[in-house]
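Note that the chains are named A, B, C and D in the order they appear, and that numbering of residues resets to 1 at the start of each chain.
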Amino acid sequence: MPFVIVPTLSLRAGLLMSAFLAAATIPSAVLASLVGRKIPPLFSLPFYGAVSTGCVLLLRLCVSGQALLLEDLGVYVPLAAFNGMMLELALVHPRRRASDALHDAVMMCFGFLLVAAFLSALREFLGSGSLWGVPLTAPIRIRGLVLPFSGFILIGFLSALFRRVDSIIIGRMLRASRRTAKQGGDAV
Amino acid sequence: MNLIVSMLAVLVSSAVIENLLFARAIGADHILRQTRSYRFIIEFGLGAAVISGVTVMPLWWLSQTFGRESWWNYARSMAAVLLIAVVSLLLTIAMAAAGRIQRPMRLVDQGAVYSASLAIVLLSLTAKMAFLPSVLYCFGASAGLAAAMILVHAGRERLELCVLPRSFEGLPITMIYIGILSLAIYGLIGHQLPT
Amino acid sequence: MKLRTQNPPHIRSRESNLTMMTDIVIATLPLYAMAVYYYGTRALLLGGFGVIVSSLADGACQLLAGKIPNIRDLSGAVTGLLIPLLLPASAGYSMILLAALFGIAVAKQPFGGMGQNIFNPAAAGTAFAMICWPKSAFAYPIPFERLPAMVDDTVRLVSSPAYSLSLGGTPNIDLLDMLLGNVPGPMGGTNILVLLTCLIFLIVRKTVGLAMPAAFLGGASLVALLTPRVDAPALTAVAYELMSGLLVIGAVFLINDPVTSPKRTLPKIFYGFGTGALSVAFRHIGRYEESFLFALLVMNATVWIIDVWGEHLAHAMRRKNREFKTNPPVSEPAEQDVGAAQK
Amino acid sequence: MRSYPRKGILLEQNKEPGLSKEIRILPALPVERSELPGPVSSTPDLLAPYEIVSIAKEANIVDEIDGRRLWKKLAQAARESVSGIVVDALDDEPYISSQLAPTLQFPEQLHQGLRLALRAIGASKSSIEIYRNLFDLDTRIPSSIMGVKVDRISGSYPAESYARRRMQRNSTLVVGACALLFLQRAVYEGLRQTSAFVTVTGDCVANPGNYEVPLGVSAGALLEAVGLITNPKRVVAGGSMTGFSLTDPSTVYLSQTTRGLLAFAEEFQDMGYACLGCGRCTEACPQGLSPYFIYKVMQSHRKHHIELADADLCIGCGSCSYVCPAKLDLAQVMAQAAAYTHRRQTSGGQP
């Protein structure tokens, strides 16, 4: 959650952030599915933390060319090791099979990627009037968007929107299922 | 006297101005699940304060020694993670020995404490302060985090009494609440750095 | 004949939401009159624009939430009336628009709308506008200079006494001008005498209580007295602090917002005092010259804690007080036969 | 002069023109006399207490303030040897003056009845309680009636219940004025209680006033006899604050405790207001409760802090509903909250 709220100021930063999260989440999730049951719970947290930190640092070594971007992300790069998704997948309920774990982790990271891309694009375009570093002419400049509070508020509205859409879709499905059930009843 | 004033300034700035939750959204996703009671929040803040405050001491010394080298950037966070693990293990053992643990903390809560203290330690190291201020920074930051969580918890209690639009219940309205609060604190203080 | 039953009591007071809101609207009208006197008809344009935008946004959000907008509910209009008064008279329409939209669609309706919002919509919207456009939100036109409907660069904008106070200098304006509002400042926040008259009107109409504004001004002046920012005689410094910025209009309209303030008397006093003290204290620290709105929002978040604390207090007092402990005598079942004829 | 409750609301008492008119018996509804068996004692001042109590029992007199039989109250008071009698004639509810009017118009009978009751319970002290905040009266209220001190109860609306509770606490018997009048009739004239004093008023009533009507008459018949200007939308039996509204007046019959019958032309329509949180109910509540808080808590799913609000202390005076600018039915919510709290307490925390 913090990673999508604060550092997604520009599209590049958002994408890089999600890459870091993926690097932190996927290996530890797979590892948890493989050796999770052998580790006593007291040591599991340090273990996964060390693993994901290692992966994050590797990725950072790879992208160390982007000094400015890394400067933007700042403290969130090492923090990405302890994100909610990793804790969720590795600690709370680790999957039985590695394939499931991989699937879940990839799906979660993809969802995060979508949200982060949308938010960062919006904030970069309206907040600082550019997109992927290319300066554009925004209809209106809302500088408040680059501040953390707008990140909170945008997340709130985005999730509310998703929930609304979900409820609509579920309602449709319910009605459809009821209709089919009724037809089945007529048939029988 | 000057010393005391400067220490107070460090405490206040770490607690209010660079508030972990409102300025950096750290702990935002843990708040949603885990603020069950004020007591838990107090435990959370105390744990974060102790762990980060103890961890920052050797790290500060290490960063003084190896601060120049380029590899330290990478080694720092790894060392922080490992040290925090050790310290929290020691803390758990000590509390168990003292018999102060009624029920062990859930792993997710431990993870929350971990990430919070990791963030505090790294921030206090990046601030490049003297030794005592950086320790105080840890205490102030965890106190500020606990205070912010208490505010948010009170807001959630108040929101339970409202008839919210259905799609806003739970996470969205809490996020909006934190957002407006963070706006207010930003305007009150004036300058925050979003990193 | 068949009649509809209805629960007691069978007589109701004449006061209603409509009358309370109408009182607040009436109280804002003199401020608009003064604004027209100082800045020309642009003030009316801003006010009307704000009212239209916020009322429309309110109705639209209620429709989205699946409710029927209530004609008698003037709260959106009140928000729209207050927002231009908190901003300079040279504020752009886009600023008013975004402030009203933020206030209604973010700070009010997601929380359940009328009567359930935690944060004051007008304060939240204006704070958002101040943070987004600090330059134009803190540069004020000079009184008695007619503003065109569309403000462009030709309009001369100056800073307000609050700004020079925040720099630590004494504004070279005599207090009488500040009382009469003949100083650059927020559109409705400068003319102190009119504001105090509105406050008296509202208190006489019993729409607002005396406790909160008094405690607010008291807390503000206490902190201003303890930590003066200007090297002037103490009372002069306090007067400057109180009359600069949004303190007085806040004491009239924003503090007394019934939705976002505590209910019992002692919590009301605590809340008002805290808000005043906070808003003056953070004038020292904050970057912006005006910190009242932000302090108000922060205090709004603590209202629930204050209220529960007040309930605890009242609970303890009921415990202590013998007269309240005794329940009314319950009538024994043997006597029900007499009343049975009625049922 | 005592003044309670501390809080509460000040209502405008529309007692005129009902109060100053003399109490009449409607020709359409005559009150039939039913004699008691046995002769009327020629020297009522020499009756023994048990005789007075038995006469009250024979005459079937009911105290109109709480619906208890008068002889039960007298016997209990005699057993507990209370110090004195307070005649309850304070009508603090608007429109209602069915105790005040008889007190002002039959002073001698009231005084004789009071003497009888005093002797029945063997007490000496006595006083008459009348509400103080009656502004729009045509008649002035004397400072003493036949040598009995008149005690003006000031304070705002739910003063009657407070006065009653205060009296009961310091062991004084509270008796309604009408009950004393009927006791006097039973002893001096040997009559059963076959009638009651009822205030018939409201903006639909042709000639409002206090009437002595026979028991068992339906409310509709009484309204017809008194005369209606227009067809009422609401008919209320009892007080204007605490009475209950009738669906069909022709099927509701008057009893000794029916003190008023109000017929209003207009009915409240729902304005669709929401709670503003103005806190007026909290200022008005005489018990020091916070109806706002209780309303909010009852709205929520899991009711935090409900035991904090002491909803079971509500006396149902209806002040909160009266002052509410959003026209919410707060009294109903308070009743529900009281029931909920009671269930919670009885079932040990879990309703």
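Note that in this section a residue touches a chain if its C-beta (ideal position, glycine included) is under 8 Å from a C-beta of that chain, and two chains touch if they have at least 3 such contacts.
Everything numeric here is computed off the predicted structure, so don't read it as measured data.
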| item | value |
| --- | --- |
| Taking each chain's C-alpha mean as its centre, the one farthest from chain A | D |
| For chain B paired with chain C, centre-to-centre distance based on mean C-alpha positions, whole Å | 34 |
| Centre-of-Cα separation between chain D and chain A, whole angstrom | 68 |
| Chain centre separation in whole Å, for chain D relative to chain C (CA means) | 44 |
| Whole-Å gap between the CA centroids of chain A and chain C | 40 |
| Numbers and ranges of chain C residues touching at least 2 other chains | 106, 110, 116, 128, 131 |
| Multi-chain contact residues (two or more partners), chain D | none |
| Multi-partner residues of chain A (at least 2 other chains) | 144, 147, 153, 156-157, 160 |
| Pairs of chains, among all present, that meet the touch criterion | A-B, A-C, B-C, B-D, C-D |
| Of all residues in chain A, those that touch chain C in their complex | 140, 142-144, 147, 153, 156-157, 160 |
| Residues of chain B touching chain D in the complex | 157, 160-161, 163 |
| Touching residues on chain B, where the partner in the complex is chain C | 151, 154-155, 157-159, 162-165, 168, 172-173, 176-177, 179-181, 183-191 |
| Partner chain B, residues of chain D touching it in the complex | 296-297, 299-302, 304 |
| Residue ranges of chain A touching chain B (in the complex, touch as defined) | 1-2, 5-7, 9, 41-42, 44-46, 49-50, 53-54, 56-57, 60-61, 71-79, 81-84, 87-88, 91-92, 144, 146-153, 155-157, 159-161, 163-164, 167 |
